[in-house]
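The same subunit A turns up in both complexes below, where it pairs with subunit B and then with subunit C.
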Partner chain A sequence: MELAGDPMISPTLFLQLLFNGVLLGGLYALLGSGLSLCFGVMKFFNVLHGSLTLLSCYFTYSIFSLVGLDPLLTSLILIPAYFFLGFFLRRYLIGRLRTFDDILIVGFSLTIVLKNIVLFIWGARPRGVYTSYSMLAIGIIGDIRVPLIYLTCFTISLIGLISLHLILKKTFLGMAIRAVAQDPETASAFGVNPSLIKDLTFGISLSFIALSGTLMSTIYNFDPSLEVLFLIKAISVVVLGGLGSVLGTLVGGVVLGLAECFAGIAGAQYQAFVGAIIFLIIVLIKPKGLFGVYAE
Partner chain B sequence: MKGWSNLSSNRTKLLSILLTSCIIVVIPWVLRGYPTLFLLQLAMNIAFAQSWNLCFSYAGLLSLGHALFVGIGGYSAVAICNGGIPIHISILVGAFISTFFAVVISPLFMRLRGVYFAIGTMILCSSFQYWFMHWTEAGRALGLRLRFYPEYSLESCYYFSWLVAFFATTLSWITVRSRLGLAARAVRDDVDRSEGIGVPSLLVRTVIFAISAFMAGMVGGVRVAYLLVVDPSVFSFELSLWATLAVVLGGAGTLIGPILGGALITLLQHVLMGLPEISMLITGIMLILIRLFLPGGLVSIIKKASLLLGVCRRWLLS
Partner chain C sequence: MNRDALTRTQAIIIVIVVVIAVIATLIYYAGLFGAATTPKPTPDYILIGGTADLTGPNAFVERIFVYGWKWAVDKINKQGGIYVREYNKKIPVKLIYYDDASDMSKAVSNMETLILKDNVLCMIGKMGPLAASATIPLAERYRVPTFGLAYYPDESVIKSKYYWSQPFESYEQHSSVLFSAINELKLETNRKVAILIMEDPLTTKFFDYYKETAKKYGFNIVYMEPFTILTSDYTVMITKMKESDAEVLIFLGIAPDAVTFWRQCKILNYRPKIALIVLGARTYGWVESMGKDGEYVCTLDFWHPTYPFRVAKYHATCKELAESWEKDTGEKWDSSLAEAADSIFIFADAIEMAGFLDREKVNEAMARVEGEYLSGYLKFIDRHLPVPDVLMQWQGGEKRIVWAPRDVPISIETPIAFPLPPWS
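And then the complex of A and B:
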């Protein structure tokens, strides 16, 4: 609040916030892409999104502090691990649930289970991953400096999003996923097994969660209460960007990132609100969300 | 309750209710201290579970932020009581404020369907938690303390919380059996069709939501009256989930289910009190297992058992 005493935003500060917002937005888009894929194809709202992201942060932290492996390399281990976790979770637990109430209640129970596993193993103290390059920053124009880690995360997120786009548009698997998203029954008539495709989709969705969690851990200090925030961020991105395309997710992420950075001027405590407020406003204007499907 | 009717007549039902009430009234004189506290929390869990059950089972509103109304009720009760108003009146006014809030947000939230309603309520509740965490007048993370409260005693809180539990159960019972309850169930089953036959779905759901918020607000007030303090953790997602667990465990869509479930989760909370992480872990796993293998809750077991008992009795008599 004290910082808000100066109402004038200098052009330098404005540009600095702009850069930070866009770079952070790329990461948020990656966070939202998993949820968007999951909801678009399976019509399953993955309420575990936040806690799985948090778990990925903690795994990165543990591997970094015990073995000393670079966080960015850790993602190479976590992505396949999360893929199989997602595959089997969908196949043996979530796939069995029929009604929507069951899905939500079981989903939120799993959230609680994961949160308390985190509390039990790592405790409630905030943790962070501090690498040798965490504090480096590079100058872009004039006084504007951007942390190297933000730039790296943005680049990796962009690579992740582009590869998701290519998977969906260019491969046979992507075609099958889009077919199942459109109409599972017709897809099965053409020799696609919808259940298997959904298992695989959930796996892919979770591997994006693993990647975004790893990247988040290098930027944020995290503690077990952050799971709800991660979930809210992901939902806001999805609601903003829609399910239609990877580009939409990117736009949603950047908008959220910018909104958060500029809300920071008013006071750090408002940053946590922004995602929630965006979600509420959009959902109240369009009660069914701005959702499309992975069609085209 | 339906499954019990073949076993017990209305007279035995009434008798058992009277007997339970007598036991509840006598207990604080016989067992002082800890058992009283335990039963107090039991009553509060029952009332909160009834409130959630009314929303979820009879109107189809899966609210994952029901702690919001507990929090609003609690904070208003403290604020009013610190202004010099007697505690019981403050609790009542707090509950009305909570109801008013439910009515205000209803026109917006009732438009949300399915998953959006659940996520929306959850997000609203956690936003409130952040807000109160940083709101200076509400004491930030430390919350508000009850300052003016000379007549504090565990016994009075105990009776008041049981009064609230009885009130919540009776109110649910009346609501469910009224025309309103019928309309609510119609809306729950199919919104569009019930609109088609002339049920004002928005109004019905708003009223049910408001009644439920009133009960939850009372729970919040009683919570403050015996804890003497209310802090932002009252808005926590875990609190909302306890109500969910109680209802799912006991059996959703019945009136006896939340009572059974509320009693069981209180037991669970007290047994696992020393291990907070483990307690929530077990809670989560239990919810999953019950939802997977026992969708009807404990009530369905009792129903089956009573059916079996009836069959055995008939077989013995013949």
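And then the complex of A and C:
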């Protein structure tokens, strides 16, 4: 459909797409990390992931609109709030459900409830968080411009993912989480309380959802229908990277981000298509993802 | 003697027969008279039915429709209702509507309930061509006049007998507004146009129309491409637009895409001389999401609270409708209010012209409806109500009319801001 323009991409455009893809990928990785952790440890698919991410966007929007608090600072409120929400949700609801079918049914029901809460409070009109730095860009190498908000979100995502990696690898809690993920009964024999660890893991998982929602709200406009998109992106990242691997999640996110950005060369309408093709290829070649850990 | 007695007996018999005949005749005619003059019971209400998305993805728009319907019904009822010749009196209107959450099967089921259970006289349909295609068969099967929002009079609308649609004038008019405005306002550009259109059954038709209208008005489309809804990165497209030196930009997409696109335009420092963002910049959510960077972007719409049109019979004005909405909801006005209110006023006029609460007669009367409504002077053409688009521009956080076709009798109070100032 394109009528004019150079079919070859210039080095500047290539580098611009590379930067955009990597930065966007970092954010996608953060979006997928909560889902990966949840599935890796508790072996269930959190269908609430998209709805809770969207809810975090709306909370950020409301706090920003009403109090004027910077969206990035809002995450300092939402992260602990979501942690406790996750902890108690796992302890008093999800943990009491016997089968995965029950968890799925309750999860989908809660998704509907959350969507209607969003509609009731905020309505269906698209919302957005506009800050003084939302549209600033830093000029680097020639004409390449890096969006400040993307760079900030990427940095925060990276800090979040490294923190998660360190928690899992270097702390007793992380060891306990990994032990429960591999064999809850053996972990229990060594004095670990699997139920408590799962409560904490779900809390941590939701904290990452809170953070990714806050960051997403600064980049995208959102409306109640976006929960599905958030969930699909998170699933794509997790499946690409491999369940339970922080490094895998980061790689999965970056692959998805790069695929979306570079697919624009073929045409804007192919962005989602190319992402889906890469997803299918990796699933066919490596069904457990690029860096699957807990899938064994 | 005998002869006299016989005469008396005969006389008595004759008198009795006559009396009986007179009484019988009186009873007979009294009965007929009574039957002819017993008034048919007047219905308490004229029922109009509707289905709308109150909880789904289109709830934002369709809740506005419901408000517009209710506002118009309230206006009509304040004047005592709609005059129905059959009963020689005014009858109030009652609106019945159900939530369909944008689920077409639920919408169809709602409409069947409205027709078969609630026995509505007429129906207000849903928005968009998909809804129209789901609704038209129902309207035809049950022969219920249905006022939908198909946006364009395609074959199914033209061929239907009971489906009436509004308010999009035509693809030609819609795609020519910016070009006409640039020419008439003598805005100086290099006449190179870049166009991005989201892939959607309704919007993809614009590719051909934009090509035709650009040629007709002396513009050169240097870049034109479709994109999928919720695209995350527009770098390639924006870079190509810059390379093509396009000074006129047209973006047709929903709000989340428009916001992402326009933000990336700033990040990549692409600033055309004039930018038209159709759909995405139509609502006040645009300035909320974009702040000052959303200023001076143009958009298309078919109604504004400053329109001078009114429905005199029911004392309904554009300004009052917008103020009522803003007061009740705390949100800014939207043109969907007018199209919704107009659909009720048009039904009211059709019912009054029909004179009977009969679906066939009301449907026949719809074709004769003509007059001033909130969206302008309206008349059906091919079962479709054309309402022309005007060019609006965001200035000072408000959407202002900056250009209108000559056949739209409105005054333009705000000059267009041109060219777009450098990015803030």
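Here is the rule we use: the second predicted complex is superposed on the first by the 254 of 296 C-alpha atoms of A that agree within 3 Å, B and C clash if a C-alpha of one lies under 4 Å from a C-alpha of the other, contacts with A are read in each partner's own complex, and residues count from 1 in each chain.
Here is the rule we go by: contacts are C-beta pairs under 8 Å (C-beta built on N, C-alpha and C of every residue); 3 or more make two chains touch, one makes a residue touch a chain.
Keep in mind the model is a prediction, meaning the values are calculated, not measured.
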Partner chain(s) touched by A:235 [first = subunit B, second = subunit C, both, neither]: first
Partner chain(s) touched by A:117 [first = subunit B, second = subunit C, both, neither]: first
Which of subunit B and subunit C A:100 touches, first, second, both or neither: first
Which of subunit B and subunit C A:147 touches, first, second, both or neither: second
Touching partner for A:221 - first (subunit B), second (subunit C), both, neither: second
Contacts of A:20 with subunit B and subunit C, given as first, second, both or neither: second
Subunit B versus subunit C as contact partner of A:280, first or second or both or neither: first
Which of subunit B and subunit C A:108 touches, first, second, both or neither: first
Subunit C versus subunit B, contacts on subunit A by residue: C
Partner chain in contact with A:272 - subunit B first, subunit C second, else both or neither: both
Common interface positions of subunit A, toward subunit B and toward subunit C: 115-116, 119, 269, 272-273
In the complex with subunit A, residue positions of subunit B that touch it: 56, 62, 64, 108, 111-116, 118-120, 122-124, 126-127, 130-131, 133-134, 237-238, 241, 244, 248, 277-278, 280-281, 283-285, 287-288, 291-292, 295
Residues on subunit A engaged by subunit B in the complex (per definition of touch): 45, 47, 93, 96-97, 100-102, 104-106, 108-113, 115-117, 119-120, 228, 232, 235, 269, 272-273, 276-277, 279-280, 283-284, 287-289
Complex contacts: residues of subunit A adjacent to subunit C: 1-6, 9, 13, 16-17, 20-21, 24, 115-116, 119, 123-128, 130, 134-137, 145, 147, 219-226, 229, 260-261, 264-265, 267-269, 271-273
Residue numbers on subunit C that touch subunit A, as the complex places them: 55-61, 63, 196, 199, 207, 221-228, 230-237, 239-240, 243-244, 254-256, 259-260, 263-264, 266-269, 283, 285, 288-291, 293, 331, 423
